[in-house]
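In what follows, structures are represented as structure tokens.
In what follows, chain A forms one complex with chain B and a second complex with chain C.
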Partner chain A sequence: MTALVQTLVNGLLYGGILSIAAVGFSLIFGVMSVINLTHGIFVIGGAYGALVAWSVLGIDPLLSIPPLMLVAFALGWGCQRLVIQPAVERGNPVAALLVTFGFTLIAVNLLTVTFSSSVRSISPSYSFINLRVGDISIDLVRLVAFACGLALIAILGSFLRFSRWGRVIRATALSELGARLCGVDARAVYALTFAVASAFAAASGVLIGMMLPFTPAEEVTWTVYAFIVVTLGGVGSLGGAMLGGLLLGLVSTLTQTYLGAVYTNMVMFLILLVTLLVRPNGILGSAFKASR
Partner chain B sequence: MTATDLLSVQGLAAGYGGALAVRGLDFTVAPGTIVVLVGANGAGKTTTVQVIAGAIRPSGGTIRFDGETVSGLDCPAMVGRGITLVPEGRLIFARMTVEENLLMGALNRRAAANLARNLDRVFTLFPRLAQRRGQLGGSMSGGEQQMLAIARGLMAEPRLMILDEPSLGLAPKVVAETFGLIRQLNAAGITILLVEQNVRQSLQLADRAFVIEKGRVVLSGDGPTLLDDPFVKTAFLGL
Partner chain C sequence: MARRITILLLAVLLIAALAILPFFLKAFYVRVGLSIFLSAGFAVCWWLLAGFTSYYSFGHTAFVGIGAFAAALALRAVPEAAPALQLAWALGAGLVVAGGIATIIAWPILRLRGHYFTIAMLAVALVLGEAVAAFPVFGGSTGLALPNLAPMSVRVEAFFYWIALALLAVVLAIAWAISRSRLGYGLAAIREDEDAAQMLGVPTTRFKVVAFVLSGALTGSIGAVYALNLGYITSDSVFRGSLSLEMIVNSLVGGMGSILGPVIGAAVMTGVTKLVLADLLEYHLAITGILIIAVVLLAPDGIVGLWRRRRAREAE
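Presenting the complex of A and B:
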């Protein structure tokens, strides 16, 4: 019984990280209908940014989140304007997919040249501390990362729901022409959306870097996980990303405990497949767009 | 164009990807009037008004608004100058509330400054929208959605309001209300450019009307004259 509760707690904590790591991907897919293969590189880039801040400058990873989000915001803006928008304007969805793939290859190689392909990790002073609640033990770093992830999702949700720019982003997602006729510069909205998504991807990368070892090539994992989370929960909705992430975290941890670590990816993809067959719009459907 | 025209379109050419839907279109809109564009499906009416609103770049011709050449400007610039298009199919934001839809209409600087006053005015004009301000736009009836689209357009404080097929898909009673509303807006000082397939009712409203065929103006005159025109009678009124 204790083992099961322990597994569920671990699963939820891991799921929270999967959720925050997927919201950026979900936002871009929901607003721009672009499958953004650069997503994972912004996540892993965030982890390397935190590594540099921690090992070179001695800054706590949690404190490095705001400045790294600003950097990722600027990089995301530039990437959208220079690389993705020209492909989108060709009106060919495959062009955008290929261009994000190419950008990712270049970025992974740049990271490898800079940091080598060795496995890195960040262990601040409060690593390896376990809190005990009855018979359950909770890794402090994971708990902190989970809380930060939820806080970040709440911040993004409030931005989209209540701010003027959030409203403009939602309106553009619902009807691009309708929004343009209100005087919205749709290109600026897409650049902003991409920049915000990149900032939250980088923030999730910092949290991931505190919990798990990482290499430049890990970016694929996080793009794929974001894809599964978003497909499972529902495209373009933060609630969907939350639900999808938590479910996937539980499933992955349960599989690891009771079936063995080698089966986790298989079970995750199996769930993706079943979702696509049974409920192609995901559990929560889309909060941004009507079903397409 | 005479110096007093609010909008003048000369030799306009536009289309999507090579095929020109509009070629050599000329018409003018005098300030304070209701001008109607009529024509069959595919005549180029929607393309014309989308070019004027800045949503499509023209491939030729000149658009002048209030004495300035504005051809090729984008939507934010056109809205800022006082041209607002209430598009065909309404394009309201279905999963946003009525109030959020209205706020989207007030993005330009002038409209943002007068937001509270304009919101008041719109809610007075459309009490039903005031009752439903927290409801999702997409959950309302077709007539209410059309009201919302017009109200959203009004929030931008337009000097020229372009309405593309506002009566499309509405019940006859609601259509009559919509035409009454257009007359009311015009009386309040907003110049109206109306695109309609409901030829009889729109011509009754028109100070001036232009008949468009295959991207060109083939006939123009005031509303009553065109209602009596033999070509209009056979082509649009089924007489």
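Presenting the complex of A and C:
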């Protein structure tokens, strides 16, 4: 019984991280209908940013989140404006996808040259503290990362819900033409969406870097996980990303405990496939435009 | 008619010229030619589906892997047969098993369109790759070894060079035949507007399934050669996302609008990476990335598209 509860707790904590690591991907897919393969590199880039801040400047990873988000915001804006927007305007969905792939190759190469391909991790002083609640033990780092993840999702949610720019983003997602008729500069909205999504990807990368070891090549994993989470929960909605992330976290830890670690990824990918075949819109359905 | 005969003659001459090249080239260049033919073959197989119907598969490496492992396992059954028979047996196993699995997944997966088809194929490749790594029949993480089938009198790289060239010629001939058939016109109609095609009486589902199964089966047979050439396969080496991406990138660089697009793309990309970038190994990925972005933004219809545009301008 304790083992099951422990597994469920671990699964939820891991799921929270999966959720925050997927919201950026979800936003871009929902608003721009672009499969953004650069997502993982912004996540891993965030982790390396935090590593530099922690090991060189001695800044706590959690405190490095806001400045790193600003940097990622700027990078995301530039990347969208210079490279992705021209490809989107070609009207071919695969053109945009390939361009993000090309950008990812460049970024992975630069990260590998700068930091080498060896495994890195960030372990601040509090990273080995365990909390005990009854028979359940919880890593403090994971709990903190989970809480930060939820807070970040809440921030992004209220930005989209209540701010003027958030409203414009949602309007453009519903209908680009309609939004433009109302005087919205759709290109600026796309750049803003991409920048915001990149900032949140980098923030999630910091949290991931505190919990798990990472390498430049790891970016593929996070892009694929974001794919699964978003497909499972529903494209373009934060609730969908939350739900998908938590479910996937549970499934992943349950598989690991009861079937064996070899099968974790296989089960996760099977879920992606089955969801696509049975309910392509995800559990919550897609509130944003159909991505056909 | 006369034009068709000219093209045919030119093709035969070109293939003959390529076939005698290994007698004059150093082993390294023969190997470059071999990898060009293999990646061109894969790209044309991928293009069979994507170019005709615009169903972009993101997981065609699934069929490479299926073909490779089918060949490896099939060869275990006939360890004593003559090498030529074993080769045919391995190729046949790759073709049939990949085609069979493609047939099974065709109906559910082809119901999906656009991005969803793309992602679903990615998922298929990921699931199969993980499954092969997890189950001991497939050698688990240690992988499987394949026998060396090249005769003693022939250089190994030249042997596989000829097989890959022959397979590429077969795949191209099939693609060419389809493009002039009822099937080809039906598939083109699906690409332009699937709903309209269906309304006009094109059996869209059947045509898509045929294209999908052909594409998968042929990829599987080339996958078998790929595995034989490697001599040793693991889940990671044949169920490899970069293989899927190479097919897409090569086709786009060459141009999606022509059968020769994928071949030209594969020749250019493989040539550039193996010959030009051989000394820049550290920045290999970044340069490939820049190349991809440049092609998509500057030459959206690929190299063939650039050439066609130039010809059109000269004709004015």
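What we mean here is this: the second predicted complex is superposed on the first by the 289 of 292 C-alpha atoms of A that agree within 3 Å, B and C clash if a C-alpha of one lies under 4 Å from a C-alpha of the other, contacts with A are read in each partner's own complex, and residues count from 1 in each chain.
Please note the rule applied: a contact is a pair of C-beta atoms (placed from the backbone, for glycine too) under 8 Å apart; a residue touches a chain by one contact, two chains touch by 3 or more.
All figures in this text were calculated on a predicted structure; none of them were measured in a lab.
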item	value
Overlay on chain A: chain C relative to chain B, clash or fit	fit
Contacts of A:102 with chain B and chain C, given as first, second, both or neither	second
Partner chain in contact with A:262 - chain B first, chain C second, else both or neither	second
Partner chain(s) touched by A:180 [first = chain B, second = chain C, both, neither]	first
Contacts of A:93 with chain B and chain C, given as first, second, both or neither	second
Partner chain(s) touched by A:272 [first = chain B, second = chain C, both, neither]	second
Contacts of A:170 with chain B and chain C, given as first, second, both or neither	first
Larger contact residue set on chain A - chain B or chain C	C
Partner chain(s) touched by A:120 [first = chain B, second = chain C, both, neither]	neither
Inter-centroid angle chain B-chain A-chain C after superposition on A [Cα, multiple of 10°]	90
Minimum distance between Cα atoms of chain B and chain C in the superposition (Å)	16
Chain A positions touched by chain B in one structure and by chain C in the second	none
Residues of chain C that touch chain A when the two form their complex	56, 108-109, 111-116, 118-120, 122-124, 126-127, 130-131, 133-134, 241, 245, 248-249, 252, 282-286, 288-293, 296-297, 300
Chain A - residues contacting chain B, complex	164, 167-168, 170-171, 174-175, 177-185, 287-288, 290
Chain A partner contacts - residues on chain B that touch it in the complex	53-55, 74-76, 78-80, 84-85, 87, 91-96, 100, 103-105, 107-108, 138, 152, 156
Touching residues (chain side chain A, partner chain C) in the complex	33, 35, 83, 86-87, 90, 92-95, 97-99, 101-106, 108-110, 112-113, 220, 224, 227, 231, 262-263, 265-266, 269-270, 272-273, 276-277, 280, 291-292
